Amino acid sequence: MILALIILLPAVAGLAAFFITWPFLRRALLLLTAVSHAALIAFCWIVRPEPILNGWIALDSAGLLFMTVSGVLFLAASIYAIGYLSREPKEQQDTDEGFFFTNTPENIFIACLQLFLSAMALVCTSQHFGLLWVAIEATTLASAPLIYFHRHHRSLEATWKYVLICSVGIGLALLGTLILTVSASAIHNNLMISELTDNSQLINPEWLKAAFLLFLVGYGTKMGLAPLHTWLPAAHSESPSLVSALLSGALLNCSFLGILRIHQVCVYAGQSEFSCNLLIFFGLFSMAVAAVFIIAQKDFKRMLAYSSVEHMGILALGVGLGGTAVFASMYHLINHSLTKGMLFLAAGNIIAFYKTRTSSDVKGILKRIPATGILWTAGLFAIAGFPPFGLFVSEFTIFKTAFDQGHFYICAIFLALLALIFAGMAYVMLNMSQGENADGKEKESLLMVLPPVVLGIITLILGLYIPDFLTNVLNEISIIFGAL
Amino acid sequence: MNIADSIMILLLLTNLGLLASSRLNACIKTVAIQGLIVGLLPLVATKGPLTIYSFLLALLIITVKGIVFPYLLKYTLRSVDVRREIEPFIGYGASIIIGIVALICSFWLSMHIPFPDKILSATAPAVAFFTIFCGLFLIVSRVKALTQVMGYIVFENGIYIFGSALFIEQSFLVELGIILDVFVVVFIMGIMMFHISRAFDHIDTDKLGEK
Amino acid sequence: MSDFDKFLMAQVGFIAALILSPLIPGIINRTKAVFAGRQGPPLLQLYYDLFKLLRKGAVYSNTTTWVFRAAPIVSLSAVIGVLMLIPCTGATPALISFQGDIIFFAYLFGISRFFTVTAALDTGSAFEGMGASREVLYAALAEPAFLIALSSLACLNNQISITGIFIASTANPFANIAVILLVAVTLTIVLLTENCRVPADDPNTHLELTMIHEVMVLDYGGSDLAYILYGSALKLWAFASILVAIVLPARTGSLFLDSAVFVGGIFIVAVIVGVIESTMARFRLDKIPKMLIAAAALSATALLLTITRG
Amino acid sequence: MNLLLAGFLILLLSSFVPLFSGRENRVAALSVVIGTILCLIFSSNICLDSLITGGSYEISFRMMIPFANFAIGIDPLSAFFLMPLLLLSALCAVYGMSYMEGKDEGGTSWFFFGMLVLGMSIVVVARNGMLFLIAWEIMTLASFFLVTQDHQKKETRKAGWIYLVASHIGVAFIFAVFAILGRNVDRLDFEMFQVLKSGTTASTAVFIFALIGFGSKAGFIPLHIWLPEAHPAAPSHVSSLMSGIMIKVGIYGLLRTLTFLGMPPLWWGVTLIVIGSSSGILGVLFALAQHDIKRLLAYHSVENIGIIALGIGMGLVGISCGEPVVAVLGFAGGLLHVVNHCIFKGLLFLGAGAVIHETGTGEMDHLGGLMKKMPRTGICFMTGSAAISGLPPFNGFVSEFLIFLSALGGVTSMIIPLSFCSIVVIISLGLIGGLATACFSKAFGTIFLGEPRSEHAAHAKDPDARMTMPMLILAILCLAIGISGGSILLFLGTAVSEVSGLSMTACAIGLRTAAYPLMAIAMLSTLLMVLGLFLFTARRAMPRAHIESKVPTWDCGYAKPEPRMQYTSSSFAQPLTQIFSFFLRTRTKNPDTSETFPRGNSFSTETPDFWQEYIFRPMVAFFAKLSAGIARSDTGRIHIYILYIIITVLILLMWNFFK
């Protein structure tokens, strides 16, 4: 019942928002949805809800974790959205080219936001590969109008890329789903995860491998693994910052969950070596590509997008390594989402004041908008894995696990790439937040500062203290996906 | 030579037609035909006797892929008022040659993959691969957004053919979900094409970044 | 000999050094005069000078601070400290001796130099600044050479105090003649450089831009200058006595004779310095660092020879 | 132990006060000052106890993150670093109260100051790898924010970036160190680390990684590049803290790692000696070529770290050659130099800070004649200069003497490798000593002596007592340690035993060989001071001593000597830099005098860092260019993007198919 509520509540609210004409009510509805959704999730932590729809929809630890992350981020983003929407002018001028552009009507925007949440909740809860596919594709569709919020030709281009590339990718995942059916033709109801894992000895390994490859490429496209990440920079940089935060912090995770599910089947079917090696390879490759593009990046939101590619790579790497690294990878996921959410929201504030995304045009954030400046600087260190932020713990744990397993080259590459990326990001971000500012101090609205601050504080706490309930869930997940 | 085989040959021909045609209108028609044929597959590819479920599915697919999509594409084409040529990166002659090579590869591949015993017809997997290839090829090698949408539809068809070829039965809910998703994708792309044409005066996606 | 006797003798030697050292510049100058065919100043000229200077008042520059006034005192006490570490008549032990005093020896010169140089900078004179600059240049290069030379002596005799080296070097004076010679050459070069003699420096010129040490004390007069002159005489004595101790380690058994030989040796060194000054020209400025590096190389060779000898 | 914890807690809390004190700079400063001093008081008891008795204490709390425990402990090694750390921090804090007055960012600056002290303190007492790393990074971050406090300046931002990147690369190696030491251990507690056998790949790797990781913080050449950038950028009390103690924390890390490694092979010591001598000599050479006082001091930190490395190197070589006395003296010298450098470098940076505070510039060629305007600062700076040059009777000499003694012991030991190492040490120390004297007579001479070279310098005055008192205390400490004789050795034995793995008795025997010489040196020094006093009195007693005339500097008869005619620091160092021009590569901008009547012209020199200029900058440029090149291949075309997907899928399927 609760699960149905979790999925349907945002969907209904979204449809309702579409027809509401009074902005205040719409925004209140958004906030209400976010809060009640979060409350429902919190309830799930206390009592794990019963499966519904013949077990097609059920909440396991992984789903719970992913949903919580999405929920928290959505809450932050929706609070931010209220500040953002009330600030955003009806028509604004492009600073480079001088023409005017409008925004997508607010009702569509808010409706899609909530539909997006619903789709993500469905992704997290679906225990059936077919349903999973439908849900992941649905997230693409719900988020496309969000990216095209600014009716600007560059956002349009980004959205087009997003929709087409992701659809093609996810199409491949559909092919993978079919092949998975073939591989498990001996099993009745052969797309249920529990059925597959329970009868794993009946799965044909060769077909399973092919299925895994297609899943990897398919959902990997959406997750942003290089070289399939190509939609990501454009979409993240062109969409409003709160949408970027959601894309980076929630959507990518959901696609990753798709890969994790098939990885889980591989683990149970004894094919973990195959899937792990591929995950490790794609993880490192993504990090490398991200490093290259971060160093050469002139647009700070694009840089953040590439940083997401990097962190998705780390997640894949962690899961690929197996054992404790899965724990770390999941922990990394939480912290990355929080941190990236914080950074994107801060980036939104920067754009609101500086009206540009070119990093060399931004100077002296700390002097002009101090709170955002602090967030931006703290975000740099958080995302680079400095203690006492949470990413430090996870990165170190992944490193140590790889080391304990004897993957010395992986360790070396991992650390080298992290250092390279840090150097690149630090150069850009510090030069933005520091420096002289001619315009004097300006006032930031509380609604646009509070959400990223809270996200930052959570990841700060998580860097020093992992609560027991979280440890338990993480341990459960690492048993599910742990290849050892 | 049963029905299934002949359907496969027809599908194959539509693909080659797509590769060769230079007019958008013709392409849309070919896609429509392909959609109709694909819609017949649920009827052919059931393991047991025909069920209502199969009929419903067939009807749905024929409606969406054979009628709604072509209509949508046509409508777009009319309203955005673009030049009616396809403007490929790769010429039609070359496209056909590449297509034939891909066709050969598809057949070779389908012969070397150890499929389960029961398949719809010997040619079915090969045609499925070829259709998928054609769809992707259209997306990659053609300039216009419209052609890319068609490419996507063809690609989707190919996956569906593959599913049918191996008698994979999804539950109705999932099938419905898939069709709905595909529908919305095409719908959204259609809407976006309006915007693209308004913003750029053309729908050439390789020039999206310019201006 | 009882410890008390030794201490007494050390005291006698120390006092003898304090008294005799002003003779050395006299000897050098007399030697030079002989070479030039002049009569030259009397042997005891420095004594007269010191006496005269001590009775004079002083002229100070407005620019200077207490550093300028402290420098002569500090550098003179440092040099006296050095003398305490040296067995001043060769045969007797030094006043103070401990393991590693060769290092202290070198660093006492360091503190003296630090003050001389800063005092030179204190005047704000461009000339003195120039002299100071060159002084530290040579000192920085001479110090390693000197330390290596001392280390090879230490290694040769398996002793790391000066007294120890002095006493032990008499045991087998000619066993390691090659090492001794190399060290002696190094020490000579260091002696000439540190004491501002030709070919490193020319003590006779006060106004030429090529001189080093003398230019640093341009602004001194009266008692201060007396301290400085006396200090440099003591310094010369100190270096000369080390040179003599290793080259001429006479042990006849008679304390008096040994001491006489030692003091005679020091005077011979003075004569040699005089001869060098008469026969050689001052090196070009940029050749001097090369000479010092060469000296360091020589002593390093000596040290290597010593280490690998067995 | 509880007292120590309480001290840390107070420090933590007091660091947070500045964040909430708003514009009340004074409250912020006072809070951190009190916190630091209390922490010093609370920790001194246990530290001294541990140093004297050699006892070790530990306390541990469970921490809810992987591998971590809040395990801290005091043993002689920790205590040996903690004491000077907190002492210097307290002094710098007091100094900073006055230095930071009237600055905008007072609050945050004090917060980071507190965090820096806390981070460093926890690093030296941590008994868990994870805690160590966290504290280490807090230390890095806090110091980074302190360095970039004046981030309006472009150079400061650059300095901050270089510092961060260097630290980050360094920490990657420290990761590796802990990963090897704590392999397959699920809590990285130090006591869980197995002692690695020497000669194994693991121990070799640990040694090399520790050398790079900790060396980059300590400032071994060529990992020192952040030092000359960061120190000048930071406020002076922070540079003092960073140079005085933070870089020593790197040394602490290295020493701590050595305790897990068992018997060192010979080449470890040799490596350290090579690093030490190159850092020492090149550091002092680059210092000579600088004319910014803080840059000069920063290079001197490199030099002194080199000396410390020489000491530790002698210690290691001594152990591997079976010469405990040599080893003990080497370690003792190295360790003592840690403390000594902390004192005199802290003093010098504070002195430099006072000069910059009063005159507004750290450019030595614009200063001069400050001895008259700022006598207290001047005498403190002079003490520091003499101490850092290793001149008796100050503390720098004592530690260098111990290393010399160790090396002399090595030379006479008849063990060939040991002798060779000792020669290198002696030559290096000799050269370093000479050059350091040169450098500091230049620094002291041009800043404080002569005539003021600019308006800034002409109107300076001594800063208030909060700034002069810390300097005075440090200056007194310089002298006190210098003439304390062997008594300082009392505190060294336990720490040396901890580092070297030798027994306490062996250490006591080793140190006893140094006790008499140090005593003699102390006595002789005192004697000479008395002699100096006598000579002074004697001079006053001369019949015409009272006749003094004051005139302008004679200057060989120049009619009108001018301050601008004085030798500047650049001209002073020119002959020396000329000789070593191969490394220094000083860039000179010569005046153009080709015209018949040349107009107003200027001459300037600049000595950029060799490694930064010829290694790191090209490397960074290469990476930037490479990635720009690759990034350019990104056309932004959707067709190509989809082609990527197709190719990926095809390659993967083919690979899987044909595998």
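Worth a mention:
Which chain is which? They are A, B, C and D, in the order written, and residues in each are numbered from 1.
Criterion: a contact is a pair of C-beta atoms (placed from the backbone, for glycine too) under 8 Å apart; a residue touches a chain by one contact, two chains touch by 3 or more.
Given the structure is predicted, the values throughout are model-derived calculations rather than measurements.
Taking the definition of touch as given, a chain qualifies here only if it contacts chain A and chain D alike; those chains are B. Summarising the inter-chain layout, the chain whose CA centre lies farthest from the centre of chain A is C.
Chains C-D form the pair with the most C-beta pairs in contact.
Chain centres here are Cα averages; for chain C and chain D they lie 36 Å apart.
Each chain gets a centre from the mean of its Cα atoms; for chain B and chain D, those two points are 70 Å apart. If you average the Cα atoms of chain B and of chain C, the two centres end up 101 Å apart. Our note on geometry: chain A versus chain C, Cα centroid distance of 78 Å, whole angstroms.
Residue positions of chain A touching 2 or more other chains: 160, 164, 168. Shared interface positions of chain D, i.e. residues touching 2 or more other chains, are given as 636, 638, 642.
Shared contact sites, meaning residues of chain B that touch two or more other chains, fall at 136, 139, 148, 205, 208-209. By the document's touch criterion, interfaces exist between A-B, A-D, B-D, C-D.
Per the touch definition, chain C reaches chain D in the complex via residues 54-65, 67, 73-74, 76-78, 80-81, 84-85, 96-104, 106-108, 110-111, 113-114, 117-118, 120-130, 132-134, 136-137, 139-144, 146-148, 151, 154-155, 158-160, 207, 218-219, 222-224, 227, 285, 289, 296, 300, 303-304, 307-308, 310. Interface residues of chain A, counted against chain D in their complex, comprise 160-161, 164-165, 168-169, 172, 209-210, 213-214, 216-217, 221, 227-228, 230-231, 234, 278, 291-297, 324, 327-328, 364, 366, 381, 384, 386-388, 392-393, 396-397, 399-400, 403-404, 411, 415-416, 418-420, 422-424, 426-427, 430-431, 434-436, 463-468, 471. On the side of chain D, the complex with chain A involves touching residues 63-67, 130, 133-134, 137-138, 140-141, 148, 151-152, 154, 157, 160-161, 164-165, 168-169, 172, 175-176, 178-180, 182-184, 620, 623-624, 626-628, 630-631, 634, 636, 638, 641-642, 644-645, 648-649, 652-653, 656.
By the touch criterion stated above, chain A contacts chain B in their complex at residues 97, 128, 130-131, 133-134, 137-138, 140-141, 144-145, 148, 151, 153-154, 156-157, 159-160, 163-164, 167-168, 171, 174-175, 178, 181-182, 185, 191, 206. The touching residues of chain B, counted against chain A in their complex, run 114-116, 132, 136, 139, 145, 148, 152, 155-156, 159, 162-163, 166, 168, 170-171, 173-174, 177-178, 180-181, 184-185, 188-189, 192, 195-196, 199-200, 205, 208-209, 211.
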